[in-house]
Every structure is written in structure tokens, then in C-alpha cells.
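These notes open a run of structures that come right after.
Presented sequentially are two complexes of chain A, the first with chain B as partner and the second with chain C.
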Partner chain A sequence: MKKRSLIQKSIYAVITIFAVLVFNYLLFRVLPGDPLSMMMRNPKATPEMIEGMRQLFGLDQPWYVQLYLYFKNLLAGDLGMSFYFKQPVSSVIGARIMPTIIMVGLAEVVAIFAGIIIGLIAAWKRGTRIDVATLGFSLVTYSMPTFWLGMVIVVVFSVNLHLFPTSGILTPGMTYQTTGAMVADYIRHLILPTLTMSIVLIGEYALTMRNTLTDVLSEDYITTAKAKGFDNKYILRKHALPNAMLPMVTLIAINLGLVVGGTVQVETVFSWPGLGSLMYEALRARDYPLLQGVFLLVTVSVVVANFIADITYSYIDPRVKE
Partner chain B sequence: MKKNKLLAWILALLVCISLAGCGGAQTTEGVNTFRIGTTTSIDTLNPLSSYMQVGFEVFLLIYDPLVRYDENFESVGSLAESWTSSEDGLTWTFNLREGVIWHDGEPLTSDDVKFTYDLMMENGLGYMYSSYLTGISAIECPDEKTVVIKTEEPKANMLMNTTPILPQHIWSEIDTEELELYTNASPVGTGPFKFDSSSEGVIKLVKNDAYFGTVPAMDECVFVSYSNTDTMAQALSLGEIDGAFNIGYAQKKQLDADENVTLISGEIPGFTQIGVNVWTDPASKGNPLLKDKAIRQAIDCAIDKQKMIDMVYGGEGSVGTTLLNPGQFYHYEPTAEELRSYNIEKANARLDQAGYMDTDGDGIREASNGSKLEFSLITIADNSDEIKAGQLIVSDCEKIGIGIKNETMDDGALYDKIISGDFDLFIWGWGGDIDPSVILELLTTGQIGANNEPHFSNAEYDALFLEQATMMDEKERQAAVFEMQRIAYDEAPYIILLYDNNLQAIRSDRWTGFKQIPAETGLFFLNINFDNYINIKPIVE
Partner chain C sequence: MSNENGSKDNIVRIEGLKVYYDLKESFSSSLISQKKRRVKAVDDLSLSIGAGEILSLVGESGSGKTTTGKAILQLTKVTEGEIFFREERIDPKNKVFMKAFRQKAQMIFQDPYQALNPRDFVLDIIAEPLDVNQLASSAKEREDRVILALEQAGLSPGRDYLYRYPHELSGGQRQRIVIAGAMIMNPDFIVADEPISMLDASIRTGILRLMMQIREDRELAYLFITHDLSLAWLISDRIAILYLGSLLELGKADDIMKRGLHPYTKALTKIMPMPGVNRGRERITLPGEIPSATEEIVGCKFRGRCEKAIAICAEQRPALAEVSAGHFVACHLCK
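So, the complex of A and B:
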């Protein structure tokens, strides 16, 4: 029974990824404009050179041949050649993936912990001033424009307080005596983008946590537990939290999938050389193969994260097990 | 358990903050590093396939051409020490400098020059540079230090050929098919700077102590790419970087007020223009009324360009007239009679005289056949400056009875429309060069379907274009180029709105010895001249 549903889910996941791939591919081809026009709109470019470029990237072929070749190469693990960087898409993405994972991964961890704690306090102190304050905080940060928040953080922490550098990943031009010095420099650069990213995420977690926990706390079994004379902390830990965590798992899984692509704004403000800023660059340069590569990565990570959430669900929620 | 974790976090944060306190933006001791912020990142380090601004800046410093431009944009010897040209102007002999070595220690020979030029000419690669080589028919190397270049026609821009010379011993190893995709991860040149590293949007160069010319005063030159101009301006104010180019108008006030920063606004070759569809071919889908130059001239006359510069471009830029920039030797300034400065009455009179009257009283003029003077103006969707400029044009043209409908689209879509002649008017820009041929060629008949956006065709203009390219006498060439600009200005296939400026800055509390090139009107960086990179030196406290 369980094995069958696992196989079923895997098949769905593969179908989803395939459908998104085809959709992405066609989406970019439907967009108006020649992908090479940006690159070649130059008073010094001759038509022969543009034609040469087109051949180099296989753009002289009919669209269905291009589609066939795309999938054929994809199966062989070849994501194509970036128009802009003139390098294989896989190596361009490979060079940018770590900064994003580190920054957003850290921000997620911070946001999840802080969000759960804030939501928990709010739900427990429901109706009090603390609840109103945390609710207000969550709503404000949740709806805050990321770009603007990033600029405010730069102004406060870099310009006024001189605590952290404005942007980048390492101090440009620095030669490090020790690895430790480099790591320390990396961390100094990491803090502001991570802070921005986690503030953006905290609201969502805190709100979800508060709302589900409030629901759970009004259930009969909580009243029963109270009647039995258990102390509040015990009830919260053993009875309320496990049930309230279910929607959180889904949310966290979806957000982890978005780790890869959901950072365009933060990375742009802080010039953080990750996948988000890469996506932005690729879009500006109309670099379809690179865009498709990044989208593929995002798709796969969202689908895989959901898949894992599905599986985890069946373990932590007895109701789903059947 | 949880308490411990929280404690660990707080501790980690404290450590970081203390590190921040003592760190600052210092560089390695005893080494002075000049860090320049830019808004574009480099696409590739391969000069044959790079087309980004920063790329040229980096190649300018790593590689040497035969000749370079001095601070007045006159050609001076670089790898070539001296040169002569034959009586008929068809044979050029360049004598290379003695003792020039590549960054990897190999000596430079005349074969490297021949190899580089042949590579570009045979494979059509490196279009940013190979266009300088047009007209060269043969290159010979009689000895290690002599290059003889032959042309079929005299080549007026021979000394404007700033193609970087590449090392044969490295590039000849690469298959022809692979050339374009070669990463050139560690470029080797002969220039004043050696390549050190490129990662995470930061390119680091170090000075070449063995350089044959003046060795740079700075030890290291680092290019840092920023994804937005706000952060770049803050970084400059904070001293994280020492200079910057492509600064946004919005940051001008902040940096102007900063006493540690010297901010300049210099003329960058090129312009922003309205392109008018003047294609006479039946395939043209533009409004046929625009083929009448009276209407084009009237529009030009009706646009308040200075107001546009002030309102849209933060006052940075100068009013546009002819094809070449006012700061250049080849710029033609229209006579008082030819000049179409902002004048609504004159524009109205021009239309009246040409017979366009508003007969039905709706505020829009009509031609004698009853068709209205209504045109569409396409602007690029993500260029907010040009969209705003478009709105000003609409209200300006209203005053002379011409109806303009604004339309925005993606630049790729606009490009397709331009190529197929399916437009009335659009706003876009071009970047220029010192050699006037680059911009002048845009309006030649041969470029229709490619870079000749208005589909303009004028036999006299075409003939002069070919002639000027063979005129060895500067004055004579200037006269021909003047005449071409006069024709283009009178015909007005392009209505040049403004010559763009670039905002650039240097931390003058830390560095000295920089200057605008050319003086007064020019730039610190993004020149084909590298004097600032050589001469800027740190202020020793």
C-alpha cells in the first residue's frame, strides 16, 4: 500500500517537472524578440557576425528541432550554453549556487526559529497586548517591500552604524593571510542580506504558527489536559505543538524549495553573487538557456521539497498514514 | 537545550560585530588598491566574444594595441614605436618596440600582431575590435620587430586601430571552432596591468612592473560590480570603493555633498535619438507622411530638449543636434540658419508652409489627402527615462498639431519591428567611438535591414562615407564628415534628443593625480585612454 503510493507520488513528481520544462521552454520562445538582438545591437556588428552567433547557439534551426535537441541534451545532463557568459549553463549555475544556499539557508533557519517562538508567544498570550504587538510586527514585516527593507538596513547598519559592509561577498581586492580571516570577512558580508531575508520570512511563519496554535488551543483535548491538572508548558509541548506543526511543515517545505529562486530582490540590493542575481542578469541579457537552467533548478527543488514534505507528513500525522 | 542554542546565536553575533569593528575596509598592508564600482558585470574574459563595458575597460589595461589614444584622443605609439606609410597610402610599416614581453615572460614579436589580426579577420570574431581592421588586405612580417600592413584603398582610420594584440603562443593552441567559447580564464597580455583573479563579480588586476611604458602608481586595480546604483553610491561614501562609474542621477545629490568624493559628469560617446521610419520601399509599414522631411524637422523643432534633459535625465547631458558628439574633432555644429532649436512658432510655420492644416478643427493637422498627422512612438518598457521622454514629446507635439501615441514594448520586440520597418517613431540610443566611421555607417544604405534603423538612403551620403574612409588628410576627412552630418541633420531620419553623460566619481581624500579626459568635458574612466589608471596615486598620510 505504502510502496504503491510512494511510486505514484514519484511518477507525479516526474510528470510535473517534465510539464514545467516544456512550458518554460515554450514560454521563452513565445516572448517577442530575437534573443541575440540585445547582444548584437552594436554599430560595429555586421550581419555575418550575427548569423555566425546564431549558428553557434543553434538558433538557426527550426523551433521543434531546437526543442528536440534541448531535451536530448538535457537527458545527457547538458543544460546548454549560456548566450551571455559563453560557458556551459551548468558551470555558470554551479559557481553561483553556494552563496544563495548559505545565505537563504541561514535566513530560513533564523526565520523558522524566530517565527515559531513569536507565533507561540502570541497564541499563548492571545488577546493581550503582546499578541497585538507580535501580530502587528508579523503583518508589517510580511507585507514589507523587500527591496525597500534592504535599503533601510543598509542605511542603518552600514551608513549610520558602520557595523557591516554594504554589499558583496568578500572585501574586494583583499588578500587574506589566513582562512579564518576570510571566513570572518565572509560572515561580516553575510549578516545584512541574511537579516533582510529572515525579516521578510519571519512574518509568514509567525502568523501561521499563531493561527494554527490558536485553533489547536481551543480544542477539547487541551481543555481536558488542563482539567487533568497538567502544567501549561507541558500541555504546550506535548499536546498543542505537535499538532500545530503540521501546516508549518508544509510551509517550510515549500519555502525551502523557493530558497533557490526566491532571492532576486535581496541579492540585487546587496549585490550578493547568488542565483537570484544570476536570474536577474540572465533575464536582462535575454539569456534563455541560462534562465531555463535556473528555472529547472527551482522547479526540481520545489517538487522535491514537496515530495519530501508529503513523505514526512505520513510519518508525523497518523491521519495521513492510511 | 533551547537556551543554549539562543546563547550560541547571540555569541556568534557578538563575534561578528566585534570583527566588523576592527575590520574596516582596509586592504593588505603596504599594497595600495584602487577599487572601482561598476553597474555591469563582465560576461567573459575572452576579448573575441565579450561585449560588455567592463570587458573593454579590463582589456584596455591587460592588452596593448599597436597605437593608443592620448589625453586629447590623438594616436600615440603603444606596441608600435614608430610607423611610416607609403606615398600612395596603401602600405603601412609599423616598427615594434624592443624588449616587450608578455606577462608570462615570452617575448612579443611581429608574428603576434599578424596572428591576432588574421584571427579576427578570418573568423569574423571579436566584432568590437575587428571592425577596426576593415580594408586590410595583407599583413607581412619581414622581421621580428616589423609589421607591414597592406590595404587596397588608403585607410584613414589606420591609426585608430586599437585592436588588442593577443599572444600567439597561447591562442594558436585553441581550435578555431572553440575560439568563441574559450573562457580565457587567465588572460595574458603585455599591458600595464596583469590579470590576477575574477570571481563573484570582482575582477582583480595587479600592476605590471615590467611594463615598457609608465608603470602604474597603484599596485592593484579592482573592479567591483554592483547590482544597483544606490548601494554603489553608499559604498563609495563609506569608502568601501575608491571610484565608480555609471552612477545614477538619483545619487548625484548625495555624492555632490560628500566632501571626500569628486563627482564629475562627462560626455560619453553616443546619443539618445528618435528614429523615424523613412523607408521608401513599399514593404514599409510606417506612416508614409513621415517620408516628408518637413514633418520630421517640425517635430525636431517642437521638442524642448533642454527641458527633457532637466526633467528626465537630472540635467546630465547636452542638447542633441548632429550625429557626432560636440566634444569630438569631427562634430559638425549646424549654422544658425540650419539649427533647429526649440521653437514652436517655427515648427508650426514649417508645417503650414508644407501644406499641413487642421481643417476639421480637432487640433490635429491633416495632409491634403485628408490623412491625419498621427504617429505612434515606441519606447522600451523597462527604460523609465525613455518612457518619460516619450511623454514629454507627446505634449510638445500636441502644440504643433501632431498627435503622438505612446507605446511601450520589450526591446527585443522593438528590434524586430525596426528590422522589418513596422514602426513610425521610436526612442533608443547608440554608443559611439572616436573613429567617426562607426556612427556614420549607421545611416548608410548598406546597413538597411541591420543597423540602419530609419531605413535611410541617400546616395550622396553613401558616396561620402566611402570617400571619407580613404582620406588620409585629417582636415579633408573632417570636411567630408561635416558634409555627411549636415545631410543627415537636414534629412532628419534621426532626431537626436541628447548626448548622454556618465556620472563618475573618485575618492579625492585618498587618491590624487586624476583628471577628466579630455579636460573639462571628458571622463575619468570608460575612455579608450588609460591615463587615470596609470597616474592615480594614493595620498600618503
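So, the complex of A and C:
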């Protein structure tokens, strides 16, 4: 990739992030509800106390002054103070980031592998019952409401089969003899949310893989390869898959960007203490700085993932090198 | 039917080839109609191609030209009928035979933009059959053979093209790469599916010359698939006229063009532009369109568009019959 287009792409990425941040900032403030009324639920709170709080958090300033201060602090690396947790936003987010990366990251890996294999089989056996069955499975899981699937999985695996805990990340009040025991407990809690998340993601990967591979398989260079007597496995590995993987790279990159954002639905259903459930809590409390912080993280990771996909693409597809 | 082509040896012989495709129907329509609809892409076709011969298969879109070519090369499933290569029956299950056959029979496609893997270097595209069949003993030999193939295909110096991607080349250059890739195995038979129809007019002659040149150098036979009758006349020894998957007329190029007997052939040749000759000549315009290949037609397939059709045409399908030496016609009125 040429240096110029690299710089150009970086500038676009920065502009995108800036635009999204301004948009988010305004969006949260148009939301109905007021952070102060959430903080001051105490009936004994006097109007003076509320006014004091308002000044403390800078909410008495006009919106454009607040916006200016937000960007000024942001450039200094300060994400602000969470209204609800009364802690710096960065430390609140820092405490929640790992559970999300572990859970969604694992689910992504499972879904990518399973999706690619399912899509591959469907495309190769196109028109057969296997194709119809995998297509049906993909469409059903793809369009299933995530929270509903999560609840069904809880009912089946936790309530009826008693195999896994219903929610949380570790058993409350448990003292562990060894680190191994703690890890085992963590994994037991991890399985159901990861399973839910994987099932939700598989459909998209499988469908994309099937469609691009079907397209590639109908290209003349595949027929040419057959005419030259190469066997099917070789053609699939050498010609079909590398070309079919191109759109998959984009899809994977974008979804990996979303890993950080976690998934509000799965994390809420399973009370998984990640960024998704944090986002939900922040939204309920109208905790503007925290919401902005989480959205900043999601925005940056999506833009960066796209940026990486762009660059990767130019290396794996000779046609877009220029 | 042997040696109808006038040469000593047949390279390819087809007997009663049928290629039918089942039409995919939606679930609801399959409930209503009991009968499965089928496309008869190739319907009872027999012909032979001599060693070193150029046979043009001419027909409208949907007449089954490409399917015939693909069926010969076992790139589509043959419903019925037998195909012989050097008088040996092609059996897709016979691995040993197929391996040799795949090296000796190649296909050239219409669209050179689609026929090359966009991710591979020209070197790897052309050398692939050598790699898979382990025919090059060293990297040097592999490269030398590719350079030779490139230069034979008119791309010289061949070395300059080795590390280029298909997208960096023009349509004509790509088609030369396709040809080089087909020629590296020294084939005896090539199915050329409209090899120049996607190219700019200015480079068509070059590609045609190249194909004819290669044929001169070695005894190579072509099944040349085209919808362009004048092109077929220019290059081929014999012409076969295909209509809805069946042969209507088959014979030497001159016989078909000048002494064509079938009403369909006549209609095709009469509308052909010929400088100076055409003026004042009667033109036959065929009524209607080519029927769908899913329709079951009793009798002659062409009768719906034939002005001369008589009673028997609707009852009995005319067989391909020899009217003069090497000239076959399938028409009740041309005997």
C-alpha cells in the first residue's frame, strides 16, 4: 500500500471518530430524562443540594460549553467522572473490559470457524438437503432475538438440566482453594453466554461464506481448473477458498471491532459484568460521561478494525493494491 | 457414422448425447403440478470430430452449444449417450483414463476476465497443470516451459509476463494467457466456447490467427462454439447447425453456406451480410422466437417457425440423413 493512501485513510478514520463523538454527545442529551433526577432520588434532597450537584458536574453550563469541555478533557486523556459510580470513567470501563473481550472474543472465534465450515459445506453441496438444512439453520439463528435465545438456553441448560449457572461471572460468596478451582468456576459461568453469542453470530458468517463461495464456484476459472483435471479438494483449497475469503475478512474485521462493544442483550440476560451491561446501566442512570466513554471505545475499535481490514485487503487481493 | 468428417481418425465421437436438467421448482408449485419440468439442453446429438479438424457448432443462445462442449469434457453431467475420445469410451469413473483425457482435452472460455484466478501470477496460472501432475523436474524447467508457452501464445518476451496479475493485462492478453494455459499440456482437442466474442474487434483477428497457427503446428482439433455463422465459415472445416439441442444440418463449411438445405440454415445464411453479393437477394425472416427448451415438442423442433411445415413435421421428428457425401440434414422436405 502506498504511503499516501495510508495517510489518507488515517485522516478519514480520525474524521469519522470525531463526527461520531459529536453525534453521540448530542444524542445522549436529546434522550428524555435527566441525570440529576436519577441521582437525587432521595426525597430529602433539597433544591440547593440538587443545584450544587448540577454545578459540580458542570450541567449548569450551556450545551456548547459542555461539548467544548468534553473535547478539551478528552484530548488530555480525561474521560470524565461517572455520575453514577462516582469514579473516573476510565477506571469503571477498565474493570469491565476483560469479561467482554473474553466472552465475545471466544464466541467470535467459535462462530467464525463454525460459520466458515457450515457455509463451505452448504456451498459445496449446493441444492441438496444439506444445503437447505444449513441454510434454514443459519436463517433461523440469524433472525432469532438474542435475549429470547438467551432465556431459552438458561431454561434448558440451567433450570432443567442444572448443568450450568444461570448468571454472573463467579459463584457469589464462594471461596476458592486453588486458582484452578476459580478458573473452572469462571469457565462454567462463561459457557452459556458464549454459546448464545456464538449461535447468534454463526448465521451471518455461514450465509456470507455460502453465498460468496457459491459465486466463486460458478466462475470460469473453477471450471477451467476442473477441465485441467485438478481434483475437487485441490480446487476448493487453492482457488475457491482464497477468493471466497475476501468478503469474509471484511465481515470478521467489522465484527471483531464490535467485540469491545460487547452485546447488551446477552450480557444483560446473563448478568455478565462486561461493557454491554455497563452500557445498559449507564443508559438507565443517564450517566452521560460513562455512556460517552463506552461509545468512544466502541467507535474507536470499529473504525480501527475497518482500517485494519482495509489494509489487510490490499495485501490479500492483488486487484486493490493501488 | 464414423469418418463422416473425412479424416482417418476420430478424435471425439458423440453418440446419442442427452443432457437434461431438472428445473428447480418452488415448493408451492411442486404441489400443484405432478410432472417435473426438464430442460433438454442437448437432445439426442451425434457427431464426430476428426483429428486436426475444426468443427463449428453454430446456434442461437440457448441452443445447447456450450452444454455440448462441457458434456464432451465431462464438465456437466451427461444424462444419456456415450462419448468417445480416440475411440475409447469416456468414463468419468475411470481415474486413469480421465487423468490422461484431462491433459489431452482442454477448454477455452468466452470471458477471459473470468477464466483466470485473480489472485495468481501468470506464471502460476500457466504452470499449474505441470505442478499438479508433477511434470516439471525443476523450477528452471517449469519457468522455461511457461515462457515458451507464453511466447507461443504471442506474448513475448514471455519473461515479462511471469509475475503479473490478470487484472494488469488487457482482454486480448488475458485470452492469450488462457490459450497458453490450455496449450502447455499439448492437447489434441480443444473446446473453444466463443473465444473471441468478448474481445474488442481489433484484437479478434490476432487471437483467431493464433488459434489457427497452433493448429497448423500440431495436429489439434477444435470444437469451435459460436453464434457467428460467417466466422464459422471462415475458420472451420465443417459446420454443425444446432437448434434446441438437436442437430438440424451438418456438413462441410461450403456445403452448409452455399448449398444449405434446411430451412433454418437457409434463413441464417440469407441474412448474412456479404459485400456486393447480398443486394437484391431474397431475405428470409423467421417468425417468432426460439421456443423454450422446457417445452415438449412432438415432431420437428423447428416446425413452429418453418413456413414450409407439412403434416408429417408435426408427427414425426426427422432423423439426420445423408443427402450427399458428408452432408447431413434433418428435415422431411430435404430428402
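Methods note: the second predicted complex is superposed on the first by the 316 of 322 C-alpha atoms of A that agree within 3 Å, B and C clash if a C-alpha of one lies under 4 Å from a C-alpha of the other, contacts with A are read in each partner's own complex, and residues count from 1 in each chain.
Everything that follows uses one rule, which is that a contact is a pair of C-beta atoms (placed from the backbone, for glycine too) under 8 Å apart; a residue touches a chain by one contact, two chains touch by 3 or more.
None of the values given here were measured: they were computed from a predicted structure.
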Margin query: Taking chain A as the common reference, can chain B and chain C both be placed on it without clashing, or not? Answer clash or fit.
Written below: fit
Next item on the list: Could you look at A:Trp63 and tell me whether it touches chain B, chain C, both or neither (first, second, both, neither)?
Entry: neither
Margin query: In the overlaid three-chain picture, which partner chain does A:Trp148 touch, first (chain B) or second (chain C), both, or neither?
Written below: neither
Notebook entry, point to check: Given the touch rule stated above, what does A:Met49 touch, chain B (first), chain C (second), both, or neither?
Noted result: first
Next item on the list: Go through the superposed model and pick first if A:Thr171 touches only chain B, second if only chain C, both, or neither.
Entry: first
Next item on the list: May I ask you to decide whether A:Thr223 touches chain B, chain C, both, or neither, giving the answer as first, second, both or neither?
Entry: second
Margin query: Going by the contact rule stated at the top, is it chain B or chain C that touches a larger number of residues on chain A?
Written below: B
Checklist line | Three-chain overlay, vertex chain A: chain B-chain C angle, C-alpha, nearest 10 degrees | finding: 150
Next item on the list: Mind working out whether A:His239 is in touch with chain B, chain C, both or neither, as first, second, both or neither?
Entry: second
Margin query: If we overlay the two complexes on their shared chain A, which of chain B and chain C does A:Gly127 touch? Say first, second, both or neither.
Written below: second
Notebook entry, point to check: Closest pair of CA atoms, one in chain B and one in chain C, after superposing: how far apart in Å?
Noted result: 22
Notebook entry, point to check: So which bits of chain A does chain B touch that chain C touches too?
Noted result: none
Note to self: Could you list, by residue number, the parts of chain A that touch chain B in their complex?
What the structure shows: 31-35, 37-50, 52, 56, 81, 84-87, 95, 99, 113, 151, 154-155, 158-159, 162-175, 184-185, 187-188, 191, 267-271, 273, 277, 280-281, 285-286
Checklist line | Complex contacts: residues of chain C adjacent to chain A | finding: 24, 70, 73, 75, 98-99, 101-103, 105-107, 109, 111, 114-119, 128-129, 132-133, 165, 167, 178, 181, 185
Checklist line | Residue ranges of chain B touching chain A (in the complex, touch as defined) | finding: 5, 16-17, 19-21, 23, 25, 27-28, 31, 33, 35, 41, 43-44, 46, 49, 51, 124-125, 127-128, 131, 180-181, 183, 199-202, 204, 220, 222, 224-228, 230-232, 234-235, 237-238, 240-241, 409-416, 430-433, 438-439, 441-442, 449-451
Checklist line | chain A residues touching chain C - in the complex, by the definition given at the top | finding: 127, 219-221, 223-230, 234, 239, 242-243, 316-319
